[in-house]
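Shared between the two complexes below is chain A, which has chain B as its partner in the first and chain C in the second.
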Partner chain A sequence: MTLEAIVAIIASGLVSGSLYALMASGLSLVWGTVRMFNFAHGALVMIGAYAGWYISNRGGLAKVLQPLGKSITANSEDWGLLGDLLHPLGEWILSIKGGFGLLAGVPLAIIFCGIAGYVIYMLLVKPFVGKPGADLVVIITTIAGASFLQNAVQVLFGPRYKQLDRILKGPPVEVLDTAIGLQEVLIIVLTPVSLLLLNLFLKRSKLGLAIRAVAQNDDFARLVGINVNQIYPLTFVVSSMLAGLAGLMLGGLFFILPTMGSEPLLRAFVVVVFGGLGSLPGTIIGAYVIGLIEQSSAYVFSLYWAPVVLFATLILVLIFRPRGLMGGENS
Partner chain B sequence: MIRFVDANRRLLALAGIVIFLLIPLVVENKLLIHLAILGMLYAIVASNWDLTLGYAGVFNFAHLAFFGIGAYTSGILAVKLGISPWLGIPCGAATAALASIIVSIPAIRLRGIYVALLTFACSQLVLLLLLSQHQITGGQQGLTGVPQLQIGDFRFRESKFAHFYLVGALLLCSTIFLRRLVASDFGLSLIALRDFEEYAVARGIPLARQRLLAFLFSSIFPGLAGGVYAHFLIVASPDIFGFSLATLLLSMVLVGGVATIYGPVVIGVVMTYVSELMASSAWMSDVFGVSRGPVRFMFVAVIIVLTMRFFPGGVWGLIKEYSARSRLGGATADEERA
Partner chain C sequence: MLFQVEDLVSGYGKIDVVRSLSLHVDEGEHVGLFGPNGHGKTTLLRTISGLIPVNSGKIFFRGEDITGLDPRKIVEHGLIHVPQGNQLFPEMSVQENLTLGAYVARTTKGKTSNFEKVFTLFPRLKERRSQRAQTLSGGERQMLSIGVGLMGMPELLILDEPSVGLAPLIKEELARAIGEIATSGVTMIVVDQDVELLLGICQRLYLIEKGAVSLETADVSQVDQAEILEMYFGKVTE
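So, the complex of A and B:
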């Protein structure tokens, strides 16, 4: 194995690891706090990518608004004072023919995912919280939710593939004679930053502390006056925003499809089990380990066998360490 | 009404069988017969899923893999080795049973969510292995050229009765088997483990053995059904392992009513009709102006969530509740269950 190959494997392993870390930390957060497993998490990744595309791309929202802009600029003179007010708006709509750009697309898509996560919680999770067998019921309802979202997106956007613009344009970076794309570098750098922010949020902010308190012991959290009924949806929102970020990154690398979330979701399952459900550091380390295992086994064996190795690993971990490699007794 | 039903069970069953045998004579439409066969095959898979999901309270994601393994085993034996389907279909059931044991050995030590994750991983593993061995399995395109069933010169696909009666008989055997099983001591022990595990174990019910047997018993008829499915459609496709079919079958179990067996049997056939006719009816495309496939899965998803939210007992649960209430003399729902 040459040095180049090793660098390439590490780079692609870090990219997959980053994506898995973003997804799996959201899953793990929800599991740790609400004690539910969100099978619609992959669909949220997909929603993030589509929302980002719809806002940023010229073929999305901008295209839909163009007729409105045209009719405003054409007719505003007849509308008197209201027309004078609306005229700049029409001009502005016409001027953004090329889409709103990623600068608007990325934050709005992440916010949109947060809202979607809230809706998922309210419709699919909340009615069952606290009832016997709720964890199984929520698996079922979130699977149904994922199926609904996937098919709804297919209806709305059609089967044609979409792709996000690259955030950084330019030649690839050379690391030890190996070319690595800028988008990949961005993902590798940005993920630890976002995870660090997540960590700060959980450790320093009042809401983050409340989430951790509920995760540790929700009865005592209630006793000290934390409104658990608000923390549950909040956790879903945070986790969905992380999923949305993962979707935006994925959408810049590959094509955007209604089913794009399923494959990474499977990997995220492997990661959370590997790292121990509910343990955030375990999950993040697990994500990078799994990413590197996957990419190196793709190199050593073949693309076909890499997932087989992965799932065999998962089954072995479940047999011998069902609480994960890092999970404690309580997680 | 209910008393009449209770008193004349055998007579009603006989009448039901006679009506069933007459259906293909009366119904001219080939599509309706085709869907009935498909529906009954799905009903077999769904009602067997009810054994692990409803009675044992274990979410076995790999259940459809048993069906798929049955289909692929029988298909591969016939296509690659030229073995008769009549031998291949039981072989498929045997492979499915073997797979169920392999899956259940790690699964019985885990609980709740971990079982779901493990069985999910197992079914994905089976799918990936199938896709990677594309010289044998046909990979993504599926295994084509599976021979149809035939006895002597009589070809099953040329007759509209043959598959209908064969699958009907299989569904009847499967349903009798399941109903006997859940009413037996074994079935009661599963319910005991589901409802109060610690107490049931303390009373001496071997948890691991009962779970393993539940997996095993739930895999045999889906394995057989899978074999028949492959020879009926003359193809074995990896779509069997997909999310869409799993959601559809799950909806049959839930809407029919968990832990009833009869519910998934009846609703399995009904849901097949509903979803397939939605996919093929012209008005759907007129109303939504889009391809119809996705819309029917959205519909199935909504049905699942509404059922879980408002009728957790499913259709069968509603019927039971209604008949218990309408019965004079104040018989309670508990007596009804007994």
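So, the complex of A and C:
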């Protein structure tokens, strides 16, 4: 194996690892706190990508608004004072026909995903919390929700694949004679930063502390006065925002399509089990390990053998550590 | 009267564990509950703090009906329940556990001075403030449980089996600390198997059997220990 190949494997391993880490940490957070798996998590990744595209791209929201802008600028003279006020708005709409750009698209898409996560919790999870068999029921309701979202997006946006603009434009970076795309570099750098922010939120903020408290001992959390019914949806919101971020990264690398979240979701489940259910550090380490295993086995054997190697490793780890890499007694 | 439970019935599912239980606690008073295991003491406390729904009966705090309130609302009233058996946030540090004890808005003002109070009462917790709760010894965990309760600025502090499973020396240390909390003027309900511990702290005792109060001592200072033991175990016949 050449040095070039090793660098390439590590780079692509880190890229997949980053995406899995973002997705799996959200899954793990929800599992740790609400004790449920959100099977709509992959759909949220997809929603993040579509929302980002819709806001940033010229073919999205900007295009839809153009007729409105045209009619405002054309007719505002007849509307008197109101027209004078609306005229600049019309001009502005016409001026952004190239799309709102990623600067608006990325944060708004992440916020949108947070809202979507809240709605998913309220509609598909909350009605069953505390009822017998809730964990199984929620698997079904969230799968149904994911399927609904995928088909809704298909109807709304059509079957044509979309792609996000590259955030950084320019030639690839050379690392030890190996070219790595700027988008990839951005993902590799941005993911640890986001995970660090997540960690700060969980360790330093009052609400983050409350999320961890509910995850570790929900009865005791109630006894110190934490409103558990508020923490559950909050966890969904945070987890969905992470999914949205993963979607935005994925959408800059590959095509955006309604089922884009399904495959990574499966991997993210493997990561969560591999790293230890509910353990955030385990999940993050697991994500990178699995990304690297996947990419190196794809290179050494072939793309089709990568899942085989991956699941063989998972089985081996579970034989020797049934609770996953870092799963403790409380997980 | 600070706190009153009237004909309380509660339990798990269709099974009533607490069966028409009534008791009361006056301001500044320290009341002990004792009785055999599995007769509803812990269920009573969990019902009082809102973890278990009330099937019938009423709970009053400062004359206000708090029956069926959310645990959070009950904590906001200053009714703090320190549960049995080292209930803590195991993967958090001592400091973080105590911080969470002062979660509700009412307690944020006194947080710094309450930290001081807890650390003076339990110097060991100060030494181990950055250590994770699950790495503490049994006695230290119990101290932390009580510390978390004190961070909630209790108007009524409910301790469930604080001495259970502890070595005699630690038990003594803990009993001394609970005594100090009591003399500082905090109203308390203490549940424990160790009647001696209760006698050292409390002015009145309730014996709880089959989910109800089966005996009440009017004034502990006028009953001697043999009588209490008799209440507990029945008359010794030769």
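Note that in this section the second predicted complex is superposed on the first by the 323 of 331 C-alpha atoms of A that agree within 3 Å, B and C clash if a C-alpha of one lies under 4 Å from a C-alpha of the other, contacts with A are read in each partner's own complex, and residues count from 1 in each chain.
One rule holds for everything that comes next: contacts are C-beta pairs under 8 Å (C-beta built on N, C-alpha and C of every residue); 3 or more make two chains touch, one makes a residue touch a chain.
These figures come from a predicted structure and were not determined experimentally.
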| item | value |
| --- | --- |
| Partner chain(s) touched by A:Asn227 [first = chain B, second = chain C, both, neither] | second |
| Touching partner for A:Gln216 - first (chain B), second (chain C), both, neither | second |
| Contacts of A:Met122 with chain B and chain C, given as first, second, both or neither | neither |
| First, second, both or neither for A:Ala74, with chain B first and chain C second | neither |
| Per-residue contact with chain A, leading partner among chain C and chain B | B |
| Contacts of A:Pro307 with chain B and chain C, given as first, second, both or neither | first |
| Touching partner for A:Val189 - first (chain B), second (chain C), both, neither | neither |
| Touching both chain B and chain C, residues of chain A | none |
| Touching residues (chain side chain A, partner chain C) in the complex | 206, 209-210, 212-213, 216-217, 219-227, 328, 330 |
| Complex interface listing, chain C residues touching chain A | 49-51, 70-72, 75-76, 80-83, 87-92, 96, 99-101, 103-104, 148, 152 |
| Chain B-facing residues of chain A, complex | 31, 37, 123-124, 127-128, 133, 135-137, 139-141, 143-148, 150-152, 154-155, 262, 266, 269-270, 273, 277, 304-305, 307-308, 311-312, 314-315, 318-319, 322 |
| Sites on chain B touched by chain A in the complex | 57, 59, 106, 109-110, 112-114, 116-118, 120-122, 124-125, 128-129, 131-132, 243-244, 246-247, 250-251, 254, 288, 290-291, 293-295, 297-298, 300-302, 304-305, 308-309, 312 |
